[in-house]
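One chain, chain A, links the two complexes that follow: it is found with chain B in the first and with chain C in the second.
After this line comes the complex of A and B, so read on.
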């Protein structure tokens, strides 16, 4: 007989399987190869955001700026690719290759994440407030940079990142799978991973034990920003265009995936594995609601209720312990 | 030491593979002939030559006005075209008149019509030519790129050559496209987007 602890640990996976079974029964379009690849392609952006933010939440923090950082990084990537940088005073033009634009976008995302970490540790600003401020700043910078206009026609090579297939699998799925592997190893096999859990479990105890709290927090927020930037590159490439309002509310889907995946908002508990299941569950839920022709307004309501349910279950589990 | 060397090598590779430097003045010159325009040059010339100048739908201005006012629906069906949704249609027109006045935006003709020489940004020439079909384009973006290339060619290549030296009182002949909506009826004169102006 399956023990109750195994059931508790696997509840998000069970929920995902149940949801997939129900959708397979109620709509014949769900269980098709085309649709399932589409779901995986769609969740690859949320996957990047949520595995990055998992580290932050494991330290008992939160990063509300990931959607806005995604938008800004995507816009910078597109802008550099399309127009480069002109320095009239030096009669100099710097053009960017696809690699250059991507590296620049990730650098920007990492720098913004690092700034979040610095503000949080240096001034003891609650992560919620610091990253909420960054959300507004990054969103404003995106509109300033793009002048509120999309940046389009970024070239066939760049478009391939979001649209092409490699060995029968969409490229964004390969990219998110690579980062899942990296973050899984980072959280389970490295001292940084152990420090992250220690800080989230009990920050004071971790400090006494010699865990470099400030450095670890800088790193996790920087990684969260970097993953948001990678998400921005994927979105921009998929659309072959940077939209000034890209990434709005993406942070909510990322938090939902993390919470549904069993990571505690209080920190110290959870895993990248759980986040993957949470992200897939959110993606399947989104896809199912679309296939069932549920109004977009009701989709928001359903998603909100699912997140609420996940948090309630998390709290009940904590109390039971 | 090895770590520093490795990081330096990666940094050098990243920089050399990521950016290229040009003189800004040289880059601006190159960028002026942008890719879309270059890609569509032949197609644009073909639309102007075959779709407008040699098109059998090209109608004398007075005759077109008469047909429009008699029965707009029939005129639209026989002579007009429009790719998108809307009440108005685009027509090919040729005429002769005397220049009444000229300014930087337009040529006012003695017969009341106007030749626009500045704001060539719409779909008049593209649609009136009947040479562009939606199914030939993979996306709206590609269609827009061709439209802009066509308008740009008219605006920046044809018109500056054709209006050089024109002055008030000159007798000219012209070929172009115009838009007519039901609210324009009865039509007395047209606004023409030219592809040819002869003195």
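After this line comes the complex of A and C, so read on.
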């Protein structure tokens, strides 16, 4: 009995291992060190977005704005690095170092997330609607800020964040691993983590038992915005260029990773651990389909079916319980 | 406060402008402003119309023929007098043009074609197919007719994606020594193209070249190739003539691209609209705009 419950708990991990075994059999290009680092580097952006959004979804909310926030913070990071801020009226020009530009981008992402949290708690706007509005606003601001043109050539130091290796591991992988650790500890070992699960499980009961609901929601949306900004810095650095349309539809990949990882969209159930496996699974799937040179039309069909299958299996397990 | 007043004025009097026999207004309807190339096309059209002394407004169809249809209905009812048009779909956009035609509003297509010879007043088109035939010829020359390559296509279901790919393959496929080992979509997106290229290099370590359906993807592919330390081994070919790519061709990092002229297309369309207002009616249906090959020899001219 114990073994079957463990089996159920780790179904997404089993699915991932199965997929990897199949890929290793059908192509000898999959299971190489080069390719595996490649996959981990590619998923680092979605990893940041999806672990950030996991907290939001655990509170029974959703954050549709992550892709757009990624685009805006990436653009601001690039713009500040490239041309700083000039205030002609005061004859003032402020230049930004790499660190300064990154901090500014994360501040912007956090502020937009806080705004989401404020709108949701203060006016009781459903998270879907509040963050959908933010998606449009942030995308529009990105186009305004960039004038619809890419901001490129951001310097060798900035490019290193996305391209360099440290102790044999690509830097973006280090960065996503660090945040995985932070979010894992946050959800499993802290009172904030307990509050998050409590709100998602039953908000009224949580309120009665003294959980500071408003504060917790502000924090989760702010963290989601901050992680989107970090994703934005990573994308911008990897391309050495900020694209005005960077991050379009990324929220969907993040939600897919979370759902495949077994986190329930109705809140209260799931884990950061699951999301990590979900994000890796999507990355491996994307990589495998290209390695096998599968037609792009089929790729979309396959990806959609995998997500559906993951959720169906999850539902069946819940019923069995 | 000033803005609030201006807004009220717009709401109250916006619809009455047609009767007051003002200067004609020109609408610029662009398939998508999500792509820098089309932003240049749309903004040049607006600037040229304004330079010629007319009020002009820019509309974004967001790659959606239904949004485009809404724009056309609004434009017709709010009294615009000419439309400089970059259609979302060669077939789907015809009905929209006919609506405008019925209302007596001329439509000038820019860059992208519609499959009808009597809907638009005139179509000023970039010759994607022939441009990519030229890229194909350059491709064969640079590789001496031998080697392995991959192709990064644009967007599934987009006309230009196939016009470009077909033009390229009519030449390249004649050479049996050139083997295409992979063909994947990059959605005209720099990041997507980079990731696809990373995976294709893993699948095919022995690559000599990549052909990308636009310059944003060529830049993404180049980034992947450079990170993998293969910039000496893999030659990159793009299409569009983006400034960044022309610069990289000068530096010897990218081999060739096709130069399109969005600014000239936009200017011609704006001038046609003005000539229409002045009474000209005999516009040629098709005006093809040549696409010029840019390589290390010709890059200094751009």
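The working rule: the second predicted complex is superposed on the first by the 319 of 321 C-alpha atoms of A that agree within 3 Å, B and C clash if a C-alpha of one lies under 4 Å from a C-alpha of the other, contacts with A are read in each partner's own complex, and residues count from 1 in each chain.
One rule holds in what follows: contacts are C-beta pairs under 8 Å (C-beta built on N, C-alpha and C of every residue); 3 or more make two chains touch, one makes a residue touch a chain.
Remember, predicted model here, so these are calculated numbers, not experimental data.
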| item | value |
| --- | --- |
| Chain C versus chain B on the shared chain A, clash or fit after superposition | clash |
| Touching partner for A:248 - first (chain B), second (chain C), both, neither | second |
| First (chain B), second (chain C), both or neither touched by A:239 | second |
| Which superposed partner A:152 touches (first chain B, second chain C, both, neither) | both |
| Comparing the two partners chain B and chain C, which touches a greater set of residues in chain A | C |
| Which superposed partner A:94 touches (first chain B, second chain C, both, neither) | first |
| Chain B versus chain C as contact partner of A:143, first or second or both or neither | second |
| Partner chain in contact with A:35 - chain B first, chain C second, else both or neither | second |
| Touching partner for A:167 - first (chain B), second (chain C), both, neither | neither |
| Intersection of the chain A residues that touch chain B with those that touch chain C | 152-153 |
| Interfacial residue positions of chain B with respect to chain A in the complex | 14, 17-28, 36, 141, 145 |
| Complex contact set, residues of chain A against chain B | 84, 86-88, 90-97, 99-101, 103-104, 152-153 |
| Chain A to chain C touching residues, read off their complex | 27, 29, 32, 34-35, 38, 41-42, 143, 147-150, 152-153, 163, 235, 238-241, 243-246, 248, 286-287, 290-293, 296-297 |
| Partner chain A, residues of chain C touching it in the complex | 33-36, 39, 43, 153, 156, 181-185, 189-191, 194-196, 198-200, 202-203, 216, 219-220, 223, 227, 244 |
